[in-house]
Amino acid sequence: MESSANTENATASKPPAEQKWILPGWGLYQGLVVTAKNFIQSYYKKDRLTTVQYPEERAPISPNFRNFPFLVHDGDDADAGLRCTACSICEKSCPPQCIYIVLDRDENGKSKKRPKVFEIDLSVCMNCGICAEVCPFDSIYMDNEFELSKDDRFGDMLYGLDRLVKSTDYHAKIRPEQAAAVAASRKAAAEKKEAAAKAKAERLKKKAEEAKLKKEQEEKGGDAQDDADGTPTPPSEKGDTK
Amino acid sequence: MNFLANQVDLSNAVDAPAIWTTLEALPQLPNRLVEWVGFQMNAPAWLATLLGMLVSAAVVVGVFLTCFALVSLVERKTLARIQNRYGPNRVGPWGLFQPVADGIKMLTKEDIVPDKAEKLLHLIAPIMIVIPAVLALGVLPYGKEWVPVNLELGLLFFFAVGAMTELSVFIAGWASGSKFPMLGSLRAISQMVSYELPLLISAIGVIMMTGSMSLPSIVEHQSQYNFGFISNWNIFTPWGLVGGIVFFIACIAEANRCPFDLPEGESEIVAGHMTEYSGFKYALFFMGEYLGLFAISGLFITLFLGGWSAPFAGLEFVPSWLWFFGKLVCVIMTMLWIRGTWMRVRMDQLMRFCWLFLIPLSLLTIPAAGIWRFCGDGFLAGLLGWGVTIPFLIIPYIIITVILNRRLAPATRQYHFAE
Amino acid sequence: MSRKENILSKPTLETGADEDQLLRVSLGPQHPSTHGVFRMNVALDGETVVSLKPVFGYLHRNHEKIAENIPYLGSMPYTDRLDYLCPLTNNHAYALAVEKLGGIEVPERAEYIRIITSELTRVMNHTVFMGFFLGDLGAWGSALMYAFREREKLFDLFEELTGARMMTNYMRFGGCRNDLPAGWIKKARTFVDGYDAFLDEMESLIVGNEILLARTQNIGQISKERMINAGITGPMLRAAGVPYDIRKVDAYGIYDRFDFKIPYGENGDCYDRMMIRFLEMRESLKILKQAIADIPEGDFVNPKVKSAKFKAKPGEAYGRIEGPKGELGFHLISDGGVNPYRYHVRPPSFVNLTLIEDMCLGLDLADVVVILGSVDIVLGEVDR
Amino acid sequence: MSIIVEEIVCQLSKDLPNVEVMYLENPSPSEQHSILVESDDLVEVMTYLRDSSGLEFDYLSNLSGVDWPNADVAQKVAIEKSEAESEEGTESQSTDGFLEVVYHLYSMARKEGPLVLRARTQDRGENNSIASVTPVYRSAEFQEREAFDLFGIDFTGHPDLRRILMWDEYEDFPMRKDYVNPDDYEYEPTPHADTLKRAEVHYPQEEPEPVESKDKR
Amino acid sequence: MIALFILIPLIVLAALGAIWKARPVHAALLLALSLSLVAVLYLLLGADFLGLIQFSVYVGAVAVLIVFSLLITRPSDETKEIARRPQSILAGLICAVPVLAVLVYSVSYSIGSDEVSESSPSQFELAELGKSLFTTYAPAVMAVAVMLTAVMIGAALFARDFNQRES
């Protein structure tokens, strides 16, 4: 049954050896020695007394600690700088389905790409962090604030936009590297977009000049008959890079 | 009425000048006050003795109720320190008001009586558990001048009163009417009845050596100092050592302390005979248990650890009652230490341990004490005494543990390792 | 008290007592020592157990139905709640099963992180088992508090790594959610180096104790063949003498790279089960030392796999690991959609309870509590 | 882990002539192919697998129930995946559904990998019975009771077939695909509107006062 | 002396209650009560040793064992009819009357002489009691010892075959 089972006695741990006679009360005595050691050392050794008197002393929270999610907004105005575009990917992928989003539409029904209502029911949320993972717009991150006890179980635990949105520098305060990484990636994306926009603008300007140049030649040659070959080149836009 | 009459006459104690003797006679202060007031108002004789009795009773009950409060706190704090945590420290400095808080909680909790219970017996049981403990406390000699009741047959009184606890545990368990208390009281009675035997037999040795049953004389006998400074406690004699260990184990069993706390084994039958009690009756059970613990460990100290006598001749100046309470603290701390470490014994192991191990061993201490007595006293005789009694006790011990209980001995196990 | 016993059927116990003499007691669901909401209807003749019917389902929340209505990643946080004493091994088992289903391979560093976290969880689970086991025996408190003191150190490590002390939700399909934070490996090494001293202390407190020997030896003894037939795995099986450890049998992940041994006993009673867990902790420490020593650099997750939008081709897979309590298996059937078609958990505690009645017949009420403690069940996993 | 399922299938059909055994391909990369066994000679196959010297599958690790409702209802994918349909056809043919039990057998003696067996009931209605393997493997006892409790598969020959997770008076089988969640569950005001409406329908008379704090939106 | 006149009716009442009470456990408890009151009576009369022995032996051992056996066998309440049947009352009387006669004779014999009342027992000496036990009353102690061992052996035999029959 057992392959190469070496039956050497378990040297790793020290169970009582074969027939070595042991004083009947020896195990009980060793137990007493252990508890006595713990009792005496708990007065002067740090790792033998591990209680932290919570409200007065506070144990340090590790930077990676995640609690309930919060929304991030750039700049200082919470309403304008809100990054969330109500795409509700997080609402679909949240396992206990505790996020509730209503898209904000202006009067003629066009979506204003921001949430009118964004609610998280903290009594249902199990702070698993999946919403922060799947959010494509870096708008939802996990907070590490845990003193949130309330008395009303239903109303108070339903966090609306007013209590969820926090500024980027709050995000930088609680998670420095993550905030820095996100800021860096957003800046890089912004620059890339600008560069693309500038490139597109130049291309447009260049095309506009060519068109102007061609028009002048036509007026100069307008009387000269060159329009036979001037099939109007449609301003073909090679794949503009969005 | 004579057994109440022979109060210790304390006339000579008052005129000793030094501070130590006044401190020594501190426990007698209330009696002195009452006598002085009685003398001033020249009250009749019978009123004076009645008042004297009441005052000494009040002193004993007062001291031991504060002890009960303190020990319930000390128990939680020492167990906490053994387990690397603080223990109650929120109510008052170092948690000193915690017993007060517990008391108030117990008083305000609603007192539920199950409808299947016998109402009257359900009420009587907790009271009947506290009475023997307080009676037993009245008999112990706490200091040179402090003996609440000096009975000629103090030890017999102690055991007679102790017998009432089994009856009250039965009433508590049976009157509650439901299943777990029934099981709990069954266990409690069989444990107490069988551990009463080693308790009594190992006390016989002490009675034989001192020649009388009165507790103050037992302590008197132990408080001489032979070869200059070693005190003559019974624990230092071979039969006293073995008898003392057996007595201590039986004390733990009588007081239902770990490792014999089967009656209220939490992990099995919730709280044994105390399951159907709440509110102040539950607190009474606790008071009865703790006072019983003080009484039985007080008796252990009186019989084997030399009551209020100082361990060495030089330390005579310390007031005698301080020695008694110091030893009481040591005994209770050992019990707490054991409670923090060991597991609970199963019911049949408890019975086998008592009947097949403790009782034969305690029966042996009686002839051993006899042999010790006839080896005479003096240094050489002491050595001879030790030389003879020790093998007389050890050989049967080996016979009992190794040969008789061979099949019960725990096997040492082999463990193999596979790739 | 004759016990008719053959390999397959349940033994029955005939005692002289007739029906109404028996004392019917139900231990649980609120009972100080049933490790959660687990109930046993026990019929007692005096103190000996005549019949014992386990009843569970008090914590049943139909985890498998939820899993079939959310995407694959959605049920990863729910696997933390299966056996809440060892969340990281549950995540590892689920990730392994999905990787088998989707044919995803895991980079080197992620495998090492998985080995380290799994073995740390095994050490945590066995330490807490010691605390609870002594609590059932009556020494309530001291061993438990020492176990919790060590568990706090492990909780701090997990909080730093995964963001939560218990509800880690750390594994992803193809690796882990985030890399090891700076300095984490050093902290793990100091923890592992200091752990042998703690184990020696716990052993001198527990192993030689005569009362413990008297109360656990030859209690709840079951033969090797009956355990295999009843599907019992983990320390209980190895205590009976079968050196079957899925880390060696399936050699999943990179366990074949580490040299460690499988301790197994001879008698299969409560004492052996406890001792096997002690020896397993020492073996796990050996693995941890080797894994921490040579963990490579590299990416911590398979970059090509997007866990959130994972979709598996139609098919079926059964992945299993050696959890601290036994074989923890996930049986997944996918029909190509985003949600799994069928998601079934094979929990070790649920199957290990099959022989609970056979072990307890003819013994005392106090032994029933000790045997249940030695089986080491967690109700989150039994009831799912 | 290298057991070849085809070999075992032909060995089975050779040694147990009257047994009807079919090999099922498993397209997923895990290559855990399975053997479909008729329900009434399931016990015979299992005892053979357990006792024959060459195979020694002495450990039934996992037993999971699966619900395959009527094919025309749930037909999104053209070919029903791991089940050889009576006729290969891309367009969905309405085959009536069945309840299936998947067994994972391991050999502890030879440390061999999972051998997957499947057994199916006639249909999901009355005759949904499969022979119970508890007489062969004791580990199936609780898992079969769970399959009965959650899927309604009736295991004939099980020592005491009762519900194991749900309470005994519960009638329905929650894990079936066509199971409708009863809305008498305890009212828990989650933010989603539809649960709100269903709760109001369920509690028409009682004025759910915590609700209107959200109605003002 | 007043205390005596309160105690004696109490003892008689408790004893009658023990006989007449239907429920066995109540009867046992009342028996224990009456025995402890007798012990208090001895103490009041100054016979310390006897009082304490009476208390510890009867209340501590006999009553507890009666109650213990009641707890184990858990008898139902049908014992009431047996007690009421005429022939059981007749049997009871047949035993009680001669004992009553002996008691009355011994009490009347000592009422006349008064040396019992004023001779308060001398200072009690435990040592003399011990010596007298093994010198003057040695045969009585031997007889009691033999009887006790016989009882123990009987109990052991009875318990042993009870176990055999059950297993």
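By letter and in written order, the chains are A, B, C, D and E; residue numbering begins at 1 in each of them.
Methods note: contacts are C-beta pairs under 8 Å (C-beta built on N, C-alpha and C of every residue); 3 or more make two chains touch, one makes a residue touch a chain.
Quick caveat: nothing in here was measured; it's all calculated off a predicted structure.
The chains touching chain C as well as chain E are B. Put simply, the chain nearest the middle, going by average C-alpha positions, is C. Of all the chains, the one whose CA centre sits at the greatest distance from that of chain E is A.
Between the Cα centres of chain A and chain B there is a gap of 65 Å. Centre-to-centre, using mean CA coordinates, chain A is 85 Å away from chain E. Inter-chain centre distance (chain B to chain E, centres taken as mean C-alpha positions): 29 Å. Centroids built from CA atoms put chain D at 38 Å from chain A. Within chain A, contacts with two or more other chains are made by residues 1-3, 5, 10, 15-16, 24, 28, 31, 34-35, 38, 50. Residue positions of chain E touching 2 or more other chains: none.
Shared interface positions of chain C, i.e. residues touching 2 or more other chains, are given as 142, 146, 149, 205, 209-213, 242-243, 263-264, 275, 279.
Residues 8-10, 56-57, 60, 62, 64-65, 100-103, 226, 228-233, 242, 244, 249-250, 312-320, 327, 329, 331, 333-337, 342, 344, 346, 350-351, 353-355, 383-384 of chain C touch chain D in their complex.
Residues 1-3, 5, 10, 12-16, 22, 24-28, 30-31, 33-35, 37-38, 47, 50, 62-66, 93-95, 126-130, 133-134, 142 of chain A are the ones touching chain C in the complex.
The part of chain B that touches chain A in the complex is made up of residues 78, 81-86, 337-338, 340-342, 401, 412-419.
Across the complex, chain E is touched by residues 1-3, 121, 151-153, 156-157, 159-164, 166-167, 170-171, 173-174, 182, 185-186, 189-190, 193, 196, 211-213 of chain B. Within the complex, the chain A residues that touch chain B are 2-10, 15-20, 24, 28, 31-32, 34-36, 38-39, 42-43, 48-51, 53.
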